[in-house]
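Below, chain A partners chain B and then partners chain C, in two separate complexes.
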Partner chain A sequence: MIKALWRNIQKDILIEFRSRIIVSIVLSFSVIVTISIGFATGGIINSPLLHAAILWIIIFFSGMNTLSHVFFREIEESTALFGVIHYPAVVIYLSKLLINCCVMVVIAIMVIIIYVFVISVSVYHGIYLIAILIAGSLSLAFATTVIGAIAALAGARGGLFTILAFPVVLPLFTVAIQSTARCFEQQVFSPLSAIIFLLAFSMVLGMVSYLLFPYIWREF
Partner chain B sequence: MVTVKASNLSKRYTRMLFRDMSFSVATGQSLAIAGPNGSGKSTLLKIIAGVMTPDSGNVAYWYNDKPVDTAYIRNYIGFAAPYINVYKYLTALENITFAIGTVDDDAVQLLDVLGLSPHSNTMLMFYSTGMIQRVKLALAFLKKASVLCLDEPGSNLDEQGKRVLFSLLEKVQPTTAIFIATNDAHELNFCKRSIVLD
Partner chain C sequence: MIVILLNGIVMMLSLYLIYIWVPPAAILGETSRIVYLHVPLAWVSCLAFAVAGIASLSFLKKSKINYIVYARSSAHIGLFFSILTVITGSLWAKVMWGSYWNWDPRETSITLLLLLYIAYFSLQQIVSGNPKAPMLESVYLIIAFVASPFLIFVAPRLYPTLHPEPVINAQGQLMLDTEMRLVLAISLVSFTLLYYILLGLWVRIYVLKSKLHEE
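Here is the complex of A and B:
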């Protein structure tokens, strides 16, 4: 199982490294959008809640561009059946999930660094902010990986994935924005309940997706 | 010893492709599936390989007279088809490592027989369609599966490639149950039995 998982991850990393599709999407979307918003609104926004909302909107849409890509590529290049013949569906799901988790954490860290640098927002609880960003991005990956597979099988690139993902990510989005906003305020707070909620949310969706995936990723 | 038993298979898309189809193919036997375009050859092959469900009926795998759980059928299948693409951003060796787990002496030898050795470290995006077909065949044979499902295996192959294909088929025939979906006369003649879909 571990070897099979590693071979799938290795394959996806090699393909992404050589095709550079995710890298270019991440660079062209998250970096440019963050810098554009930064220059357009620099110094105007004073509300921590608004900063948090903008930050998560950038992370969400950057993620929407990349999270479904791993499945769309398999469908568009007709390689999905090649994987299914050689590996159980759960191995394919777990490998894509792990890749999406890594991609989302990298996006979140990259966006916050650019955001803080360009907009000069004051961060009073840096460690908490990083913890919330990591928990939130993991939740996004857990919540949307299986939806990416459904959207890819439906053959609807773009719109359908975002629409299907929106109601699922709404609860985590609300919690992530509110707790991120507290990191931009001076008052002392504990992010533990928010982080526990985000991780628990990930676990529940991850388990459901794990059980459902073999029935979804089946016929091509 | 593997036996593939298909019972009362039916499948319908916009029209009925086949109805109540039953057959049994064991190790050492081969079955050709012929018929015009759109008659359901590939669909039947996918159902046999367990990657598509029939509308009714079922395909059961028996290994040494014991039933095989449907979740493990893929362990018994080698499958090459025009609609199963290999990864074009990987080399032939990397595709083999992904699918089989390792590149052993058999893999090196087979790549040599198929004329792919000089290109084994080249990404498949630089291969011709004939070379990609050879990689697909290599992957199907290297799995050393008990059941071989081949959909138009000779497509895009030159005469030399077809000769290699038939020599490989003859080599694995005694230990393998072979299904070939084709309309090619040579491939039809290779199989001892055939089904014609209409």
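Here is the complex of A and C:
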């Protein structure tokens, strides 16, 4: 199974490396949005909560542009059938999940670097911020991977993925924004409960998605 | 028929108890009577969502189309009840807190449940006619059902709220007078029965519609 998983991941990485669609979409989206916000506000936003909300909105929508891409590509290029013939559905799910997790963590790190560079924000708890960003982006990947498959199978490339994913990820979104905001404040705090919530959320949804994925990813 | 009659009697009794028999709450006054409608409406919204999730799970396990009909019907009723919950909650918020919308965590959580229903119906519209539609709908409903406890019970409790303590709170105690508790219980029973009747009707409508479609 691990061998099959690794082959699938290798295949996806190779395809992405050749096309560079995800990298170009994420990079251009996050840079354009952050610079637009910088222009609109003059780079000065006084509320830590507003900083956190903007940051997570950029991460979320950058993710929405890319998280379902791995499934859309399989459907559009008619490679989904070959995948199902060669590998069990759970292997395909796990490989896409791992790819999405890596993509989301990279997006989060990239967005925070661009954000801090373009908009003047003071980060008082850098380590906590990184921990929350990683936990939050992993949760986003765990919660939305199977929804990406649903959107791809529904054949709706437009906004369906965002419409389906948004209400499901809102609890983690709320917790991530609230705890990220505290990283931009001087007061001492513990992000442990927020991180536990984010990880628990991703574990639960990840397990359910793992069990459900074989029901939808078959008969192409 | 017996259930409809029983529900009619219980509903009339609960309306009498709510508006005439039970005394107003100490601080909240006459406005407190809305709680006997608001809480059961919220309960049915969550119950309908849970039934839709469980019916979807049964559909995946047994592949019987009846289950997806139950899931769809329950989601329709749940949408209707969650809209009513938001409306009654907003009316009460206007009286108690001065505005219809206060971004209170619990006030927001029921709206998020409403968003889940709307997202589900968007999916239903897009996949109608697709042979994979029942499967895709079921998987989404189960995912949403699993995510909903985080939405309704966990996330709102992480942050301060304007809402009164929930009826069944962290201490596991009922913070209501005996009379209020009785009226709320009867109202909950009557709304649950109403949901049961509506579900049966909705399923029949679905079955008749599909028969007409076949002809």
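Basically, the second predicted complex is superposed on the first by the 217 of 220 C-alpha atoms of A that agree within 3 Å, B and C clash if a C-alpha of one lies under 4 Å from a C-alpha of the other, contacts with A are read in each partner's own complex, and residues count from 1 in each chain.
The criterion applied here is as follows: a contact is a pair of C-beta atoms (placed from the backbone, for glycine too) under 8 Å apart; a residue touches a chain by one contact, two chains touch by 3 or more.
Since we're looking at a predicted model, the values are computed, not measured.
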Overlay on chain A: chain C relative to chain B, clash or fit: fit
Which superposed partner A:174 touches (first chain B, second chain C, both, neither): second
Chain B versus chain C as contact partner of A:205, first or second or both or neither: second
First (chain B), second (chain C), both or neither touched by A:150: second
First (chain B), second (chain C), both or neither touched by A:81: first
Superposed model, chain A: greater residue contact from chain B or chain C: C
Contacts of A:15 with chain B and chain C, given as first, second, both or neither: first
Contacts of A:216 with chain B and chain C, given as first, second, both or neither: second
Smallest separation of CA atoms, chain C relative to chain B, angstrom: 8
Shared chain A surface residues [contacts with chain B and with chain C]: 219
In the complex with chain A, residue positions of chain C that touch it: 60, 105, 112, 115-116, 118-119, 122-123, 126-127, 130, 132, 135-136, 138-140, 142-144, 146-147, 150-151, 154-155, 158-159
Touch list for chain A against partner chain B, complex: 3, 7-8, 10-11, 14-15, 18-19, 77-79, 81-82, 84-86, 88, 218-220
Complex contact set, residues of chain A against chain C: 143, 146-147, 150, 153-156, 160, 163-164, 166-168, 170-172, 174-175, 178, 193-194, 197, 201, 204-205, 208-209, 212, 215-216, 219
Interface residues, chain B side, partner chain A - complex: 49, 51-53, 71, 74, 77, 79, 81, 83-90, 94, 97-101, 123, 143
